[in-house]
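Each of the two complexes below includes subunit A, the first together with subunit B, the second together with subunit C.
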Partner chain A sequence: MKRQNRKKSQAAIVMKRLFRNKTAVIGMAVIIILLLIAIFAEQLMPYDYAFQDYYALFQPPGGDYLLGTDHLGRDLLSRLIYGCRISLVIGLFSVILSALIGGALGCVAGYYGGMTDNLIMRFLDVYQSVPAFVLALAMSSVFGYGVPMTILALGISGMSGYARMMRGSIMTIKGAEYIEAARAVKGNDLHIILKHIIPNAISPMIVNMSMGVGNAILMVSMLGFVGMGVPAPTPEWGAMLAAGRNYMRDSGYLVVIPGIAIVITVMAFNLFGDGLRDALDPKLKD
Partner chain B sequence: MSEILRVEHLKKYFDTPAGPLHAVDDVSFTIKAGSTLGVVGESGCGKTTLGRVVLQLQDKTDGKIIFDGQDVSSVDKKGWRALRDDMQIIFQDPMSSLDPRMSVREIIEEPLKLQRKLNKEERITRVKELMDTVGIAERFENAYPHELDGGRRQRIGIARALALNPKFIVCDEPVSALDVSIQAQVLNLLMDLQDELKLSYLFITHDLSVVKYISDEIVVMYLGQIVERASSAELFASPMHPYTQALLSAIPVPDVHAKKDRIILEGEITSPVNPRPGCRLAARCKYATEVCKNPQTPEEVAPGHYVSCCRAHEIRQ
Partner chain C sequence: MAKYILKRILWMIPIIIGVIFLVFTLMYFTPGDPARNALGMTATEEAIEAWNAEHGLDQGFWVRLFNYYKGILHFDFGTSYTNGVSIAGEILSRFPYTILVGMLTLVIAVAVGIPTGVLAATHQNTWIDNLCMAGTMFFTAMPGFWFCLVMVMFFSLRLGWTPVSGYETWRHYIIPCVAMGVGSSAGIARQTRSSMLEVIRQDYVTTARAKGQKERNITYNHCLRNGMIPILTVIGGFLAFLISGSLVSEQIFSIPGMGVYMFKGIQQKDVPVVLGCTVVIAIYFCVIMLVTDIVYTIVDPRMKTAMISISKKVRKDGKK
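Up next is the complex of A and B:
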């Protein structure tokens, strides 16, 4: 009976190993804080993010407005807090969309191989020859402005990496002897895919996704910076950075503060992703 | 003794750009219940493919497989799933044949789960029983394959194969990936299990000392065909086929003063893609003559000793 209690689920083991990794824990803590900020943005904002105080333009940090105000007298802190929600929503959902489209394409290509594989992969070759940012830019000019449209643009433009990764893992796993072993003990296709192929293929995907969120946030910011993506007055971090750059000489905090927010967020996701990769690898136990 | 498995004219061709690759070409043999048939041959001679095709893990091109009196050559996928209760396989590399994301217990439990005969508690009892049978301590049940050494991993592979109480097991080089010291343990385990559970083995290996140790009967394969078949003792005492002779002459003798006639086959293995009719060894055989270009048929030279060489008698004299 004592032995029974020692049986730990794989998820519990992964969590335990994740918590042993200090940088991953820091990353995770930052992500949780950011998520809380995003969820409770309305309650946390000291002012409305679009409220313009014309008597307090370019207020430096400190004073009435904790992080100062921008060229229209809007509270930078409130805009940063609300922007967190925008950035996280776009970052998370565009990555999920990328992983779903790319994962499905990669699955089909890797599992069926041959002609199907060739068609899909050559299409992706062409697709990838266009730089990701240019592609995202083109997509968002096709789909238009707004949060859902930006998610769509980023999701579609980022899927090729996931497709390649999924195809690669599935091709490796498909040839493994334990797949044949599973077939020898009566496993049908569904059982093999669900119990053997997916569990073995999923961890590089999860790692890639967690790092992809940081990347996507950066991409949103870049889109915002060149004036695409989410329209004003929605406070998206990249757009804030772009707006602030005109006044950088006198009011440096207008670019420094959103810049720091982006760096912290991207780094948190990268640290977390790194830790997750180590924790998910059963061969690196202890 | 009754037959557990009879294979007749089994063929497996792979399509390659250059033509069909004859991996297994017209192979026939029988295995008696409770006995071991060893299959020896060099790498690429089709012995692994033979094992896979017998279990229908790969589709055969042609031929007949009769298992336990039942013709299973035309059984469909569903029928084969039922047959897997009785026919199992142990793989060569115990690292790659065990899913790295499953614990020892999950691996051994998998066939039982898929069989859907036992409930959870019965399955756990059965897994413990199996672990005990193959000699893995119970404390390893939550370990993952990479945490165990090669011998233990192979024991897990054996436990998984035994889970469904099979009558017949294909052992595909089960000890080639193991240390010599562990090889002996695993071989002894397999032989003990055979006595205890009345198992029959098709034992595939390239290791002559292993095959001598474990087999009752041996077939020698060369380029997809069986060149010689005899009981273990008979084959080692009087090999008839030039290939078998060359193969056996390669066994090292643990005596520095021993004089050996090493028979060295000249040239390379001919390609298994689109082979010419006739003896496949002819191009490398020092006894080869014109008659060797004709197709060879197995000939019984002694009771239970078959040779596919038309010049076997001449060579003997």
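Up next is the complex of A and C:
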């Protein structure tokens, strides 16, 4: 009972600190709005995202089509709204996948140490020698197109940072007395890792994940821009930019507007991540 | 010092062997039938078998991997599936453009990022600081290629100051490098600011000021130099990002570098091209990281002793 109370107050302190941080609250509010847009995309879209109105090509913003139409007469706003779902789904799930794979590797390396640790770390040295985007490109050329495949490619290619981080925090926790106590009562390794180590090592991971989402969304748009990732006609923000690029001389809004959508989304996640980091560990504040 | 650098260079060899293994294994699982793709649907079984034998595809994984290593030792990355041109030659002619764009971008990123960070730190909590930080926040959230496009729209299409795309003169490189460089300077600026703020209240800075040093000298020689290590770490981390960014900006501006080649390879399922590009980019990245590590020791002599003692410690642990 007592323990429950203490736990609650810890979370309450973090929440209180988080809510005092204005920029973090703004970030959080924008994320919530974006999530709602993604969930209710079908209801919010004024037109179908693939509907082509050949009598209204390149309509500028304003008028019937609020943000204008593209080269096939498709409503830009509807495409942005549906694209929000694609970006958030890929961003969130690829980060979760990265954290799971990286976290597991980092746990094993940090907990067992010695030869296992050495092998995993050398593997990560190799892994990190390929820039994440290039690795994601190579992977998506192997896996193919589509949302699940892009999540897989981004998730696997982005895992090394999480692995290093998890290993680092586990190595500091490993020597703590409560771990020794758990060992002394013959808790098995899996139990110790899951029940004692991970709950104590999770907060830097959460901070890293919340900042990772923004980065993942940027990567998705880069993949989409060079023609990988999600196939047409699914509106992906990067792919929309790539398509709009051919008409930017006369219809600049086709390039400007999807870019602004990306900036707002990524910025919201970054602000929220920054705020979360400060709230969880005020010492780290820069 | 020379011993440390030598050790670091030797350490690159197993890393590169590992990278080739990693990427080769990954690309090995590419689905599809390259012979069918290259020869078309009407090709006979014999023709396909002959094509596979010619490209070494009839052998097992380990034989192919071994042959690939052997080829790379002679700088031979095989031939393209689609047009049979030697990949090494193609890479050799394209790589200089990628290096040029990458390095110019890096120079601009550093030249913009560090002064911005210094300016923000020396004017902490004023409107200058807030403006700089808001700017960096915007630039970190912004896709670099989008900034390239917006700058092209404004400077090339609207004002006509620079060419839209191409690679012949120096004017072609202004927008790709400036757009990408300014975009990636944000992280450098943020780190510069926070490490400046860390050292700015140190006693030795007060001492320097008390003995009447010029403010400029204090900022650059006392503060910045001591706060340089975390900044360099951030720059090192940004290099991966920067290389990826320059691949994309090559694509936008039709600069005939590695990026265009690699993206085309991916679209045409040209496995050896993608493999070769990935390997070369990884080696390029390793070399840049090596240079960053060496610069560490030049900027901050403390790092040299630290690194040498770490490598000694690792060796001792290994022996245990």
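The definition used in the following text is that the second predicted complex is superposed on the first by the 248 of 286 C-alpha atoms of A that agree within 3 Å, B and C clash if a C-alpha of one lies under 4 Å from a C-alpha of the other, contacts with A are read in each partner's own complex, and residues count from 1 in each chain.
Note that in this section a residue touches a chain if its C-beta (ideal position, glycine included) is under 8 Å from a C-beta of that chain, and two chains touch if they have at least 3 such contacts.
These numbers come from a predicted model, not from an experiment.
Residue contacts after overlaying the shared chain place A:221 against subunit C, while subunit B stays out of touching range.
Within the superposed three-chain model, A:43 lies out of touch with both subunit B and subunit C [touch as defined at top]. More residues of subunit A lie in contact with C than with the other chain of the pair subunit B and subunit C. Residue contacts after overlaying the shared chain place A:130 against subunit C, while subunit B stays out of touching range. Of the two partner chains placed by superposition, only subunit B is touched by A:187; subunit C is not. In the superposed model, A:266 makes contact with subunit C only, not with subunit B. Within subunit A, not a single residue is touched by subunit B in the first complex and by subunit C in the second.
Across the interface of their complex, subunit A is touched by residues 14-16, 18-19, 21-23, 26-27, 29-31, 137-138, 140-143, 145-146, 149-150, 152-153, 157, 190, 193-194, 197, 240-241, 243-244, 247-248, 251-252, 262-263, 266-267, 269, 274-275, 278, 281-282, 285-286, 289, 318 of subunit C. Listing the residues of subunit A that touch subunit C in their complex gives 118, 122-123, 125-127, 129-135, 137-142, 144, 214, 218, 221-222, 225-228, 238, 241, 245, 248-249, 252, 255-256, 259, 262-264, 266-267, 270-271, 286.
The part of subunit A that touches subunit B in the complex is made up of residues 3, 6-8, 10, 176-178, 180-188, 191, 195-196, 199-200, 282-283, 285. Those residues of subunit B lying in contact with subunit A across their complex are 52, 55, 57, 81, 84, 88-89, 91-93, 96-101, 105, 110-111, 114-115, 138-139, 141-142, 144, 146-147, 157, 160, 163-164.
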